[in-house]
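What follows are several structures.
Below, chain A partners chain B and then partners chain C, in two separate complexes.
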Partner chain A sequence: MAGLVAKKCITPLVVIRRLTYPEYAAQAAYHKKVVDHYENPRNVGSLDKTSKNVGTGLVGAPACGDVMKLQIEVDDQGKIVDARFKTFGCGSAIASSSLVTEWVKGKSIAEAMTIKNTDIAKELCLPPVKLHCSMLAEDAIKAALQDYRVKQQDIEIEAVKASN
Partner chain B sequence: MVSLTIFRIICTSEALHILPKLFANRRCLSKTSIYATLCKNFINFSSKDTQNNSCFKPVSESTGKHVSSLLRTFSTASEKLNCWNCGHSVEQTPAFFCIFCNFVQPPDEGASYFQIMDCDQTFALDTQRLQKRYLDLQRTLHPDNYTHKTVKEQEFSEYQSALVNKAYRTLLKPLSRGLYMLELKGMHIQEGTDAGADPTFLMELMEINEALDGARSREEVDKIGAATREKLNDLTKRIEASLHKGELQAAKAFLVQMKYFANIEDKQDQ
Partner chain C sequence: MLSKTVSTKIMGSMRGFPSHRINYSTSSVNVVGRELIKSRALEKDELRPLYMDFQATTPMDPRVLDAMLPYQVNYYGNPHSRTHAYGWESESAMEKARKQVADLIAADPREIVFTSGATESNNMSIKLLEETIRPETSLVSVMTVNNEIGVMQPVEEIGRICRSRNVFFHTDAAQAVGKVPINVSDWKVDLMSISGHKIYGPKGVGALYVRRRPRVRMEPLQNGGGQERGLRSGTVPTPLAVGLGAACEIAQQELEYDHRWVSLLAKRLVQKIMSEVPDVVMNGDPEQRYPGCINLSFAYVEGESLLMALKDVALSSGSACTSASLEPSYVLRAIGTDEDLAHSSIRFGIGRFSTEAEVDFTAEKCIQQVKRLREMSPLWEMVQEGIDLKSIKWSQH
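Here is the complex of A and B:
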């Protein structure tokens, strides 16, 4: 599934593997961490968006035409217990969103809000031209957290109305 | 033959006296000596054999070039570009070749892709005409034609050929053409997330992508492909209308949508 999702970038990866000069390869190739996320995808999938414990973040990048969906499941104590993503775009975008889903698991909402695109880019060693992919992932997690917060607020408002 | 007439006018005995002084003033001593030799040769030729023009031709062509470059040193400094080889003023924009000596010129910095490909700056483009222009240009500009020429000519031919390739590729597809037209008007698509994106639209895109991903048979893929192409055609018409009316923001929004669908169309081929 991830294969089809990210097939757009398989050609550059194949080409880049053929490069033999190590210095050039280090500059031009996808970092091995990015390749790892691409070949061994983790947390790909969907959660039930209608569930009250699930927050969904859906973002798009106009310049490159990437779309990213990130979903989190939060328990009653405000801790993120599960996260899933689906990204249609380049390898760096896929790796960024995959990394975010790994990081948020076990974190509280407040902790998850502190995730920065610079941390993602540093971890994946993204080149400058791909920094916008990490930005997209940061926006996706923030959107998911925001969606969850709005849902919780709506539930509270409903509860207040019901009690009156 | 005009150059020869000029030669005759200049090559009077009086002129021969005055011109070296003028050249000295302009610090063109080397040119003075060349010019004097040329004049001498010309006088010898004209005195020997005025009937037979065939031997004149090779001399006159090369001297023609020299004359034009020399004449240029007399003329006042102009703002226009001049041929690096013969010094003749390069009239047209964009100039690929000098109209006088036909040597390839360096690319014109200020020429837009539309000017290079000789097309009107509109979104509605005749792709047949574009293709014909591209082939005509490459026939004369391609580096393969310059393998036996000077290094400078080879260099210029490479730059020009690459620029023509870029212009052709940009103008051929509606998406890149539209984005280029916005760029010419100073509008760029910013990097990063689109904060004002319509969530319903993104959801729709997500669903199409997921459907394409999950498609198991060729028919399913083709069906999605056909729907995407229809969407792209619709967007092309809308972009044309917006750009025609000068509604840049609307055109930008449609081009962004087109980018997403173009990505889907690319995936369909895999």
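Here is the complex of A and C:
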């Protein structure tokens, strides 16, 4: 009897791996694109904040659990040559900001303004609960471009003052 | 019966099974899921993650399964059948289990009602408030050990106050039973909820302790055939009850050993992490706690991204991103944690079957990933530059 019970015991103990159940994976696992951006993030880092060619956008709030810092370096023709980001946020937030830095490189300022959060969300297949991450990424790039524009305006004003 | 070392070995080997032995079921898959299955199928030799989430649920102790199996296939009678041996043998097993549960909390077996879990027990207790005889009576309900931060409430004092004011005292002891010594008479508890799957027992069963002296009168939540002295109708599931009883008996025998083991591992984990990583806060009182539930906040790193980084370890977080709303854990908010720290918290759950190797692995991975994520964090960068984060006006989204 003990042996029979023991045998009956051991069988259920052998592998019952359910973690890869399709429905579970669809809902709870991260999309592989998000995981890819997270494990191999592109363009993490900082540019020189004080340089006149660099625009910095800092959006979000720690109390909300999402802060993105996006920096762009623009050459004299108005084309974005480099972009860097740093993010305090969930995997989807990191992926959204990483994707945005990839997209803006090589674009002109006007083109970069047209980046929409819906494009980011579609590219990363973000679920509805994570859509705010893509919105914040759009805000970040807009803030960076705005900062650059303000800097350029200040420089022009300085130049006009100096020449007078 | 399996010895403890054998059961630990089996638990350990359950984690290391490679994935090529798995059959994928693709019959009930939607279109979105299909792409994800492809990505999952590629990771053929992936191992399951380590389990460090003992507050969410616990694996069944193999000795509990041993105790239950005969009642699934051989002794399958209804314990309320009075007329034949099948009923008698199931009833005697059920009563034996009732005694095992009662002994763990120093109660009388007549004071234990089997339910489907702690949630049902809680609901039954709250309903008492509405149906009570004395109109001015109220009910105090307190969690013995909190499931998010592990803090233990001063139950003895609360019980004393309630008894002196003639107020019923209910406590949800799901995370405390079998982990800290409980005596319902010393604590002056009138009602106590017990959960099976939190103490290495089966899922789907729990119990409610209902004091007899002084009598606690209750209205049943579930009406029917009058089982469990009319308090909870419905056939008592003998195998599950036997499993709960066995789990309680094992817990009572091994309570001290488990407590020492879990304290040792917890101290090891916390010391390792805190010695290598700055700006880590442990949430909750350091003294009045159950050591196996550790909630740490890693400043400047977001909780969900850290969970994603620690994908080889099954953990849980008090962070907002894992819930549908953007609100962080209410428990952390209640103890006055800063909102940004509340988003940065992770709960480590250590249990009977945790090993030193698992704790070391978790600690090392944690240290490594926190460092990496801090490099990616604008908040860390600002702090390194000497900026006071509280002085910044953040843009609200």
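Throughout what follows, the second predicted complex is superposed on the first by the 142 of 164 C-alpha atoms of A that agree within 3 Å, B and C clash if a C-alpha of one lies under 4 Å from a C-alpha of the other, contacts with A are read in each partner's own complex, and residues count from 1 in each chain.
We take it that contacts are C-beta pairs under 8 Å (C-beta built on N, C-alpha and C of every residue); 3 or more make two chains touch, one makes a residue touch a chain.
Computed from a predicted model, the values in this text were never measured in an experiment.
Asks: Among the partners chain B and chain C, which is in contact with a greater number of residues of chain A?
Replies: Touching more of chain A: C.
Asks: Let me test your reading of the model: by the given contact rule, A:A61 touches which partner, first (chain B), second (chain C), both or neither?
Replies: both
Asks: Output check: A:P41 vs chain B and chain C. Expected answer is one of first, second, both, neither. What do you get?
Replies: In the superposition, A:P41 contacts chain C only.
Asks: Output check: A:K86 vs chain B and chain C. Expected answer is one of first, second, both, neither. What do you get?
Replies: A:K86 sits against chain B and chain C alike.
Asks: Across the two complexes, what residues of chain A are contacted by chain B and by chain C?
Replies: Looking at chain A, the two contact sets intersect at 5, 8, 58-67, 69, 86, 88-89, 132, 135-136, 139.
Asks: Mind pulling up the chain A residues that touch chain C in the complex?
Replies: Its residues touching chain C are 5, 8-9, 12-13, 15, 17, 19-23, 25-26, 29-32, 35, 38, 41, 44, 46, 58-69, 86-94, 125, 129-130, 132, 135-136, 139, 143.
Asks: Would you tell me which residues of chain B are touching chain A in their complex?
Replies: 189-194, 197, 199, 202-203, 205-206, 209-210, 212-214, 256, 259-260, 262-263, 266-267, 270
Asks: Considering only the defined contacts, which chain C positions touch chain A in the complex?
Replies: Checking each residue of chain C against chain A gives 2, 10, 14, 17, 19, 21-22, 24-26, 28-30, 32-34, 36-37, 39-40, 48, 62, 65-66, 69-70, 73, 300-305, 308-309, 319-321, 324, 326, 328, 339-340, 343, 375-379, 381, 389, 394-397.
Asks: Where on chain A is chain B touching in the complex?
Replies: 1, 4-5, 7-8, 58-67, 69, 86, 88-89, 132, 135-136, 139
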